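Letters A, B, C and D mark the chains as written, and numbering starts fresh at 1 in each.
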Amino acid sequence: MTFEHEIMVGWGDCDPAKIAYTGRIPNWCLDSINAFLHAHLGGGWFVQELDNDMGMPFVHMSIDFRAPVTPRHPLICRVFPTKLGTASVTFQVEGFQNGTLCFQGTFVEVVTVASTFEKQTIPAHLRRALEAHLPS
Amino acid sequence: MTFEHEIMVGWGDCDPAKIAYTGRIPNWCLDSINAFLHAHLGGGWFVQELDNDMGMPFVHMSIDFRAPVTPRHPLICRVFPTKLGTASVTFQVEGFQNGTLCFQGTFVEVVTVASTFEKQTIPAHLRRALEAHLPS
Amino acid sequence: MTFEHEIMVGWGDCDPAKIAYTGRIPNWCLDSINAFLHAHLGGGWFVQELDNDMGMPFVHMSIDFRAPVTPRHPLICRVFPTKLGTASVTFQVEGFQNGTLCFQGTFVEVVTVASTFEKQTIPAHLRRALEAHLPS
Amino acid sequence: MTFEHEIMVGWGDCDPAKIAYTGRIPNWCLDSINAFLHAHLGGGWFVQELDNDMGMPFVHMSIDFRAPVTPRHPLICRVFPTKLGTASVTFQVEGFQNGTLCFQGTFVEVVTVASTFEKQTIPAHLRRALEAHLPS
């Protein structure tokens, strides 16, 4: 079961071309990754940073925009990890409206000790959650 | 029954003081009013503007910030109209986390013909929805 | 001399009504207050929080929207303090485009010890800067 | 001379890790491309869409994050086109603070007739401006 995060696209997300502004889309992808972590770890980046001293800064994002996003339909963002390194994780995010793929992106985070900004090996609680959702 | 709109507060909504940045809160209030309209009219500002040629520009907002907002709990925004004029509507928005009132605000919109930007008497479909939710 | 902060309004700031989205305006007001502090204290909220252990959370904002904001002209935000309390400051922000007043707002911050979230008497370096810009 | 757009990074752009939130960076890149067009065409996306019936939707973005962005220094975004197709243009955006490369990204826009959403050959006024800034 792929994790899905639903977003309500609003008036303020749209530009004068009457579609969601490009700059909103990376933010929705990030919100969806955060929601994935919240659902599977019991807390997103905020909780991981403050309670577990674990940071997850991004080193890369890449997005292809396939079709316009509008407020006409809910935006369903599917999120899953595609690759686990020693200290990094790659997520795929795919945004759908009414069955149409609107965008898809690749996002790479490194895992750090939040208090020192140094890389760390992915801790067990995160690795377990990610491995359970790698595509088979 | 007061309409409630739930918001998932994220890492990116917070500032270095580890609470939601002030500038996010008026946006959440607006999103909640849009969600109220969506729920009760079958479409928010986007649909009203494009399909019904009805605009709803804001002429005033006022917000009191009572307690910090964090990602620790869902943010529940209660929305209801408090006053109907001939061509204007006042909404109250109250944001709660874990039972605590975090902020409350007053928002005034005028109703326009979208294509001409001119004020119009509140159309029947909107007036009906608003009157049904005025506090008794 | 009233402090002025110039903002370049962009495509992504506008909604399908072809004017700046309401939710952008409080953010520009906040940015302008931050710019005022940066100009007069040698550092905005970030520097005050991290280097001077001084927080400045908002307890109130109120904005009247007078005329639409568009990307056609630079947005000039005039910022000045209007009232100093023992531990609070009120700012007025006025946004102009091409000589027209587009919005004006009132913003109240309390001054805290950042590390404890407790109110503090406005420190000398801030009080000096604010007093110098109170309207006579 | 490479075009440069300066951004003042603020408190509200930063997350609890005390650095600019990842989601702000693609927006700054877009703002910088818009500023490039404004400077070289006499108007950014808003003016091109409304006055010249020319749209420029994005089909791709890719960003590498090299170093944290903070409010300690101005953020200088260098923008230049790297490739011109018949109906598309690729921009490179590089963000620097205090001489350090913080991020670099690639952004691809297609050029459309705004009123029909159909691709068009890049009009002369845009092609001229872009060709003048291609790296030699």
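Heads up, the rule we're going with is that contacts are C-beta pairs under 8 Å (C-beta built on N, C-alpha and C of every residue); 3 or more make two chains touch, one makes a residue touch a chain.
Computed from a prediction, not measured in an experiment: that's the story for all the values here.
> Which chain has its C-alpha centre farthest away from the C-alpha centre of subunit A?
Of all the other chains, the one whose centre lies farthest from subunit A is C.
> Between chain pairs A-D and A-C, which one is joined by a greater number of C-beta pairs in contact?
A-D
> Using CA atom averages as chain centres, what separation in Å is found between subunit A and subunit B?
27
> Compute the distance, rounded to whole Å, between the mean C-alpha positions of subunit A and subunit C.
Computed from C-alpha means, the inter-chain centre distance equals 32 Å.
> How many angstrom between the C-alpha centroids of subunit D and subunit A?
23
> At least two partner chains per residue is the criterion; list those residues in subunit A.
11-12, 14, 16, 18, 22-23, 27, 30, 46, 49-50
> Give every residue of subunit A touching subunit B within the complex, in rising order.
Those in contact with subunit B are residues 8, 10-12, 14, 18, 27, 30-31, 34-35, 38, 44-47, 49-50, 70-72.
> Sort out for me which residues of subunit B touch subunit C in the complex.
Spelled out, the residues of subunit B in touch with subunit C are 16-17, 19, 22-23, 26-27, 30, 46, 49-50, 55, 57-65, 68, 114.
> Considering only the defined contacts, which subunit B positions touch subunit D in the complex?
Within the complex, subunit B contacts subunit D at residues 11-12, 14-16, 18, 21-23.
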